[in-house]
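The same chain A turns up in both complexes below, where it pairs with chain B and then with chain C.
On to the complex of A and B.
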């Protein structure tokens, strides 16, 4: 691919090298580290020192210890919820964007992407001061008379993580859905209209099915990003919002048990890979149907 | 991570200015320190005086220092700050280098109890000095004077159902086991038997029901205090935390509990992989100057080892932090406690 595109004949000499690089770089920077951490997951730790003898103890511990599996499932449910809520909010937004004309459409899209330029930590700090018992959200709700006393519903628990992750990750849901919606040929919508379909029928039968690949990739994006996050749960999760990412993080920082952390990462990686495959497969099936 | 980068960036700006002035050619001194131990103006002054450039990385927990130093076998940093309890672990793992006190003229002018380092438990091994005391403080209890009456005298107030959801605790298994052991009246909070460990664990699960959140940095605790109804804070950052809270107008006070307050003593330590030992010793000596150590207490409220400060009351019972019997075990149990619904 790199060789055929280049206009100069000299480059022909270099093309094998380029090809080797194209395969070597991912192999060195992606596959090798992944392989190393896979190997580490079969080691163990004794008195703060890593013991380089293969063992399955880490995996056995993950499946038998009463701590890890419940937290693991709880985290998956949490991240699925984040993905679902993000899509419910992102879909109307993306749909609205496609109804806009020319310049406005992209100006607004850019505005929605601006939060991605800000520091992750600063955003979490900001959200935390909004969520607190005396935070902006509670003050506003009390001032509006919606609630009489500040609510603890969104203070240092799973709900707080859910809300924060949704807020942080929603741009990643808007973008793929917007791109999928934008790719739908206008002629299809006009044809549907000509054939007497109502707006709702057109949406349900043409727009929605054709945008599903976008929804699928949005869902897998958000889910994967959410499940890998340990900072948000750490900072807004309090005592009840204990997630898998926090356990994983503690294995590298606090416990200095890299092998066990690696084994937990493998479990997480399996889920992530499944999520990506699901997003990919679902997206492609629908995508090729038109 | 990003916050750390920001801090690094700020330190880097100071460093850049210093470098331009000194035209240093040698590699920079790599310092790993707590926030407040290597302020930008000190770094700048040190570079101006010695011609040695400095890169500072700030850390947030003891565990992070261990992970960083152990992870690189001591090669990534020249000099770092670590407390007496932790230091033995580094000596045992051969990650640190003995310090030549004759290179530290300022060390002779430290306060009496720190002058003879061989008498400071944990700083020496086989007659060699590995740590130079720099800073200490107790880990007491901050209480809101409007909400907590009468003033508490013991950590047991943290379990008082009256303060359900109003307690801020610290996210560290080791310390939480130690202070709970003291609260339960155990003699040696750093070496718990299996039954004691189980009792402490049960007690901590109970504590969790009273806790609003577990914090890791003082800034974080302050932000949570400002936006929530907090009555009691287990003050890992002691005086520093009280000062910061009082500055923003909080009505808070601080006590060292009667059962004994855990207290830490931080030391400057030179790593195994030090590139320029002279430069590292110059840094430590500079830190022990009256000016820097005095400013340290003024700015942070911590006790320093050179100038008398008000942070340690003479009647308060302080329990110097020591090695715990099994850090990994405490860490695992702490995860179990946090995962308990």
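On to the complex of A and C.
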């Protein structure tokens, strides 16, 4: 890839400057902030002042205080549920898309991606009004006779966070599953059909296993996006819907304990990195068709 | 064949329609209420109105936030396209340290925004930069850089080496080759990357909340207003923004998608 053949005009006179920039920019604006952040997690706070002396107290507090670990686990379970529900809805949708002919397939896929462009804050607000006591969901449930009067089951609690996050994140589940399904070679399905397998057998033994990498990527995407969100729980969670992201955010606002917040962020980062690695590990094996 | 396959297709179609309805429901609420008065969750279909749009034109606070968002978006686009293209040109074809640097660039995009945002917040505090629009622009640029970089690099990798070789064979210098051969070939990827960068910057909320000063962007303004409930003119704004972003998306698709699908098919 080197030599005159590859498009590398940035050699010669400007080379040193460009080299410095190419290494310095990521180092200054990405590595330095993250490194300082990590170091901060070992500091402490005394009467509103940050004490720049190394201590493990923040981490000890996270593991021993009865408040934080339960919220931490509960948030992980919540986000796993969001991922599971998103996939349950996204898989049939993505599968349906792949049964369509070329142009319709991409048109419909685009249509399902458009809601991603809509302002995040506005969507949260709209969903909150749909879930609310006078909202559309309650009206529909009453009209269908499922419940007799409007329920507060979907406002300002964990259910509300679960539903809102799912609604916001489904597109991120559709896309990777769709891509995985689309890459399954048609010849395999035809071979299976020729050998006398039923549609269900072909699906269970060929399509489903070959699409699992896409499902793993989808789960990883949705989980990471859900667990990093602090706006949605803040807006629809009320008092009972307390998530780890909210606690973390509050350390930089009302609680004003930046070092402890940094330590909580490290815990969050560990979970996120594990989720991304898991998604990478099981989401690999994608190039089966080529 | 049998009834079963047709039944399963119907079921799949039904689920797809349900998902589409779920995804679009939060979009329709503000758009419908921008044209029809809503009271206590009931839409009054009998009296369509554009009064919300008129009210919007008089809402200086919102218009100022919108202007700020556009300025931040424009600065972010310029910085991220320049930086992303530079990094793509530099890293392309280089082995040493490339995967590490690439990983670093992608970190802010992969990490939850709360972590990227807080890291930047502490960083700015430590080096003594006041929170302002500058810190917002830096935050957005760091966040979207990976996308522009990836878009330009993909195009660079699909570019035929013979183009560059032919240019050198015909006696062009490095700079002539760069300006007349490489850059024109990259331009549509750069435009596509710019549109994506702008779209991401336009809606970025979580990092912005953490690094913003007093003057702030539209999503953060809306976030602050949401606690009290929105006035009807916000719905008009939402409808307009949605139309604008769909247009932008169609534009981005024109610059990016056809080529990718074409290569997949071949």
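In the analysis below, the second predicted complex is superposed on the first by the 254 of 290 C-alpha atoms of A that agree within 3 Å, B and C clash if a C-alpha of one lies under 4 Å from a C-alpha of the other, contacts with A are read in each partner's own complex, and residues count from 1 in each chain.
The criterion applied here is as follows: a contact is a pair of C-beta atoms (placed from the backbone, for glycine too) under 8 Å apart; a residue touches a chain by one contact, two chains touch by 3 or more.
Source: prediction; values computed, not measured.
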item	value
Touched partner set for A:134, first chain B, second chain C, both or neither	both
Touching partner for A:256 - first (chain B), second (chain C), both, neither	first
First, second, both or neither for A:22, with chain B first and chain C second	second
Which of chain B and chain C A:242 touches, first, second, both or neither	first
Chain B versus chain C as contact partner of A:147, first or second or both or neither	neither
Touching partner for A:228 - first (chain B), second (chain C), both, neither	second
Residue contacts on chain A - larger count, chain B or chain C	C
Partner chain(s) touched by A:36 [first = chain B, second = chain C, both, neither]	second
Which superposed partner A:111 touches (first chain B, second chain C, both, neither)	second
Chain B versus chain C as contact partner of A:71, first or second or both or neither	first
Contact residues of chain A, present in both the chain B and the chain C interface	119-122, 125, 129, 132, 134-135, 231, 235, 252
Chain A-touching residues of chain C, taken from the complex the two chains share	4-5, 8-9, 11-13, 15-16, 18-20, 22-27, 29-30, 40-41, 83, 86-87, 89-95, 97, 101, 104-105, 107-108, 110-115, 118-123, 126, 138, 141-142, 156, 159, 161, 164-165, 168, 174-175, 177-178, 181-182, 199, 203, 205-206, 209-210, 218-219, 222-223, 226, 230, 234, 238, 241-242, 245-246, 248-249, 253, 257, 261
Touching residues (chain side chain B, partner chain A) in the complex	1-3, 6, 61, 63-64, 66-67, 70, 89, 93, 165, 171-173, 208, 211-214, 216, 220, 223-224, 226-229, 327-328, 331-332, 334-336, 338-339, 341
In the complex with chain B, residue positions of chain A that touch it	45, 47-49, 67, 70-71, 119-122, 125, 128-129, 131-135, 152, 155-156, 231, 234-235, 237-240, 242, 246-247, 250, 252-257
Chain C contact footprint on chain A (complex, rising order)	1-2, 4-12, 18-19, 21-23, 25-27, 29-34, 36-37, 40, 89-90, 92-93, 95-97, 99, 106, 108, 110-112, 114-115, 117-127, 129-130, 132, 134-136, 139, 167, 170-171, 174, 199-200, 224-225, 227-231, 235, 245, 248-249, 252, 258, 261-262, 265, 268-269, 272, 276
